[in-house]
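There are structures below to look over.
Look at the two complexes coming up: chain A is in both, with chain B in one and chain C in the other.
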Partner chain A sequence: MSMLSRRQSNCLLGELLTMYCFLRFSILLVGLIFSAGSYAVNAAQPLTTADDLGPKVEQPIEFPHDRHAGDAAKGGMQINCMYCHTYARRSIVAGIPPLQKCIGCHQNIESVRETPRIKKLFEYWEAKKAVPWKKVHDLPDFVRFNHERHIQRFVFAQNKPVQEACGYCHGDVKTMTVARRQKPLSMGWCVSCHQKDHPVDATSTKTTHGPNDCWQCHK
Partner chain B sequence: MIENSFNRRGFLKVLGWGGATVALSGCGNTSVEDGKEFVTSYVQTADYIIPSIGTYFNSTCAQCDAGCGIMGRVREGRVLKLEGNPKSSINNGKMCGLGQAGVQAHYNPDRIREPLLRNGDKGEAITWEKALGLINEKVGGVKAENIAFLTGGISGHVKALLKNYLDALGSGHHYVYEAVAPSIMRAANKKAYGTEMPRLRLDKAKVIVSFGADFLGAWISPVHFSQQYARFRKADNGERGVLVQVESKMTLTGANADRWLAIRPGTEGILALGLINALAAAGLSVPEDVAAVVREYTTDRVSKDTGVSTEHIGRLVALLKERSPSLVIAGSAAEGYAHGSQNATAIALLNQVLGNVGKTVEAPSSIPFPQMAPATGNRFALQSLNDNMAQDKVKVLFSYGVNPVFTAPASMKLKENLKKVPFKVVFAHYMDETALEADLVLPLNSALEDWATVMPEYVAEGAQLNIQQPLMEKLYPGTLGVGDILLALLKQRRPDEYKGYEDFYSYLRSAMVSNKGALGGSATDDDTFWDATLSHGVVKLAGTPVNMSGNPSAKGLVVPGPFTEDSAYPFHLIPAVSASLRDGRNANEPWLQESPDPLTTIVWDSWVEMHPKTAAKLGVVEGDIVEVASKSGAIKAQVYVFTGIHPDVISVPLGNGHEALGRYAKGVGVNAFKILDSVFDKETGELAMHETRVKVSKAGQRVVIVKDEGPAGGNQMGRKIAVRMSSNKVNLSEEV
Partner chain C sequence: MSITNLLENWSDFRQQHPSDDRPHREYKWAMSIDLDSCTGCNACSVACYAENNLPVVGKEKFAHGHSHHWIRIERYWDNDGREFADQGAQFLPMLCQHCESAPCETVCPVGATNHTADGLNSQVYNRCVGSRYCNANCPYKARYFNWYDYPTTDNVWPEPMNQQLNPDVTVRGKGVMEKCTFCVQRLTVAKSNARSAGRSVLDGEVQTACQQVCPTGAISFGNLVDPLAKVGKQWMKQQVELNKDKQAKDAEEKAAKLRGYRILEGLRTYPSVMYLEQLRESAI
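Now for the complex of A and B:
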């Protein structure tokens, strides 16, 4: 059961409603669909596929991730994700950088000072009001996802490029303006990665897979 | 198209599968809020603030007057949980359930959010400028002696500011009122020891005889006493202290005692004198004048008067004689009578005769800043205010930190007298019964949003100034701290003196920093001193022990004989102070309502506690609604039958029975304050809380009591699981 992605289970729910008309066969049908769903997940899923585009989130300021983190060839500044999202490596949540961080750089960047977004940014700063960013990636309250563990393992223990490590779950943010959820973030999708063999660290040939205990996430 | 042949069982099977599917998809994704919920972010923040990781800030608990140090766990700018501050010598990092509920006082949905001005029956929201301007106009329009300020126990810089404001107005009318306070004991202590609140060293005593002092539950500083009690029970030398509790209605402390003696209400002083007499007979040296007074209190007579058997008295005497030092405490049960002062004096005399003064009754420390010393309240202050109001001598009344309309007995007619005051300003967190009578209601910051300094009345070591600092930003922009309001009022009167202070915080900081030498920060610069002070949450002050006189004297001590029967009102009413609800100010915190009473396990209600014999005599059983009528009024509540109460006594807990305050308190239970008779202690003029006589009659209905204990009551489902021994078979002096 745990192997179903959110989209798959939504299908299943849809099936169930249709099924309501054929109640005599219902139990059999559900069983069938369920096992089919499990089978589909057991077939290996590559790390960064299973895209499931989340809703478009309107933010108070249309933050250009591409301009900040994008490749230099495409006009990006190639800033490390962790420069702004500094809490990700220290806390279970990635958090949002305090406004002072934005201002810290932008007060010295005269070239864009008068653009509409930066003007708005300084309006918040002068009013000493936090920017009311909206959540893009959210999990149900019964799930505890720990950013720190993942960053420590992939970035610091295995020396993976930061954008790749963050991108497992957040997609290719450096190409986006306002971030949008790219992955299902469902249990099945998490588990699909945790079942894979990964090298223990950057130099080792030994492999292991991610923890699979219920309580790792459901505390 | 649902076919009719599909039955319920089949449906449930489908539902089972369907339910599993729904759970998988995250309960229909209702808890996933991407694109809707905001993420907490800061404008500026310190490096140590990390989202999802709690940061602890020290402050002071304001749930009762004990003044425990607390530290609040703050995450994403919100305070989540309170713990005790280990640096405070009062509670040493521990905390009680009442304190825990402080977050519910803060996040309470019924808090007032903006100043309200009376418009007919309604409160109209106005701005602070208008509110403060109105106060300025009103106090300017009357004579200074017609302005009165009523507060609860108050200390620290807020008290100093209040005094300055009253001075600026030219009025000295500051009434300090506490509904449930040991004020008779304070007066008796002052007389016996020369100090109102000596330090009690439970941990040094080998025997404690407590006359109705619920020091583990609701008396003075229960968290502190609980810790001392633990050391008393398990002393470093391995000796276990013996606790004997003498009272008419079992308290939490009584339930913890080695021996609980049910005494006829009001005869505590007689027992104390009887014990002195018996101790003298057993060879304890007693001054001649004391011996002369107690000579007539023979064990037989005392036993007859108090209802405590001669056997028990004999054992108590043996215990006290054998084990020294001991400690004798006079609690609210002993002092709540018209002869409460005499009772308390007799009990203090027993302490002195036993030689406990200087051993287990220690001198408290003097307070280096008398202007910040705690102003303790009593009922007498409210009475004088009430009299002045009745004579139209009060034109402008301020009320802060008290709810006298709820806590004053109906016989005082306080509510009617309040109507004679043309302009009433109430500083309040909730629309309580007193705020409803106000002309202007000023909404206060919660204790977790406010700046203050607190000097508790009972401090364990030396003198101590507690810091109360905001643990998070204000929830509502329309509330203000009491210090801020007083400062704004002072700016109206003494602009030159106070215009330099932008808000109460800047006043407090500058007042503290300019005195840093006396506050232990002479070697540090201002910022370091201030940061350290806030970080510690307490400032230890250098005080010297005050002088205490320990000479026992029975001069003028007369303890009246036991009560005469009153056939019209046969029972004594004991209004019980519960550890959670106290005088009722915390009744709108649902955690406190739903935490079971420690002795009866009843939740969310009031009850009438009575002995099984009394219940049998009245023909009632548990859950029967009875009417409890005194000369001053009547209340109706459910009966709870309990053996831990004297058969002549019935008891109703205080704190519930609100007509206002908030959604969790309103309409829950009954208010026992209302039916208290106007009987006063003869020496201090305090209301004798235990003097009310009542009659009890069945009111017809029967309800199921909502409580935690099982349906079979306290008798362990009808089986004797725990070993039982009747108390007269236990000899504590041999056991220990």
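Now for the complex of A and C:
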């Protein structure tokens, strides 16, 4: 009687064991699927990976963004982005400053006057030629991106620091010498931000998301 | 979505945009064209070519129906026995009607043509794969297909004519559909300027290229939501309502005195362009 019951119980135990193994396996499987799924979800988020880095652009003069806009602790001058890229707040394009703007400051800065980059700058100035800067953030021709709208919204309405607002798309330019593309600037990446609710201004709790119709950006 | 649901609630799915519970918020761009003022001079068509980078395809391709006039003048000859030189004609500028319930939108396999929040029927060139379903389904035949890569193979803008291209409009490549945009590049600029000034676009602040050049001022364009807009006043005066497929005024006798109508309204496309009928001598 007891033998039988033990055999029965053994049998039951074995059954449980196989079930457990099976269950563990299936849990593993489910876990795998879930992790793959969450990876896919993460992949859709605006991540900045090494793959998003744009090509290195050779500029005629290696303009040191870090020296001009960088933190004072790291030897930067903390100049506002819009001091040079002055059109960003009132135009579709941010604008490359004219050579005059560079010279305006640099003719009064004697300490760096004889460095190779500044010498080159003055060569252009004396030859009365514009510096042929190369485009770093080049969007396709069918895309319309308006700097003014973004700067007005984030800097002037929301009171975000300028370098942070510009950095949403341009990365941490203040740590770079020659600027390089840091973000993918793909449609999915733009939309990921346009879908989020952003506060209308610095004080109110009202939020809106960016426009999402095709002709807002496509032309 | 089941097929029975689709069939039973067909009108709900069809009539997406112009409904009383979902009105347009800030903008609804619309046009009215006074056929009594139109002299058929084709200036609108020429202006559109210049503004929107339309290729001039030449006689042979035109004869094959490969033309690209986003706004064209349709001629309707008088049939009163007179010969050509004396024969009278009536003109009708035909452009994309920016239907609120556009037949072209529902058939696009890749969603390249959509409705914008401003009530425009948008066409996204880089999304278009060139199936031409939209063209087949457009009752106004207002869509044009790029059969060739005109800038390169046909060299329609030889140096230095490529300098005249409008940088705010894409130069379309081979195999995409295109159509009138209501000069969306101008609308976008006007909207952005208005936004910076903290207001809506004022009436007359933005003009389409065809409206700008029309020597008789036959074309008016504006925001239908704006109560001060000329175009809205015209629509109201003519008792043409945007979200009706059969105008209430047509049942009444006074309709004979009202000139406003929309083309092929009965197809329930809810066009955004209203035409003002030409006055006939017998009516005066």
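Basically, the second predicted complex is superposed on the first by the 169 of 219 C-alpha atoms of A that agree within 3 Å, B and C clash if a C-alpha of one lies under 4 Å from a C-alpha of the other, contacts with A are read in each partner's own complex, and residues count from 1 in each chain.
Note that in this section contacts are C-beta pairs under 8 Å (C-beta built on N, C-alpha and C of every residue); 3 or more make two chains touch, one makes a residue touch a chain.
What you are looking at is a predicted structure, and each value in this text was computed from that prediction instead of being measured.
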item	value
Per-residue touch tally on chain A - higher for chain B or for chain C	B
Which superposed partner A:136 touches (first chain B, second chain C, both, neither)	first
First, second, both or neither for A:75, with chain B first and chain C second	neither
First (chain B), second (chain C), both or neither touched by A:125	first
Partner chain(s) touched by A:55 [first = chain B, second = chain C, both, neither]	first
A:104 touches, of chain B and chain C: first, second, both or neither?	neither
Chain B and chain C contact sites that coincide on chain A, given as residue numbers	90, 140-142
Chain A residues within the chain C interface of the complex	90, 140-142, 144, 146, 148-149, 152, 211, 213-216, 218-219
Interfacial residue positions of chain B with respect to chain A in the complex	1-3, 6, 10-11, 13-14, 17-18, 20-22, 24-27, 29, 31-45, 50-53
Residues of chain C that touch chain A when the two form their complex	114-118, 120, 122, 124-127, 168-171, 181, 184-185, 188, 192, 195-196
Residue ranges of chain A touching chain B (in the complex, touch as defined)	1-2, 4, 6, 9-10, 12-13, 16, 19-21, 23-24, 26-27, 30-31, 34, 54-58, 87, 90-100, 124-125, 128-142, 181, 186-187
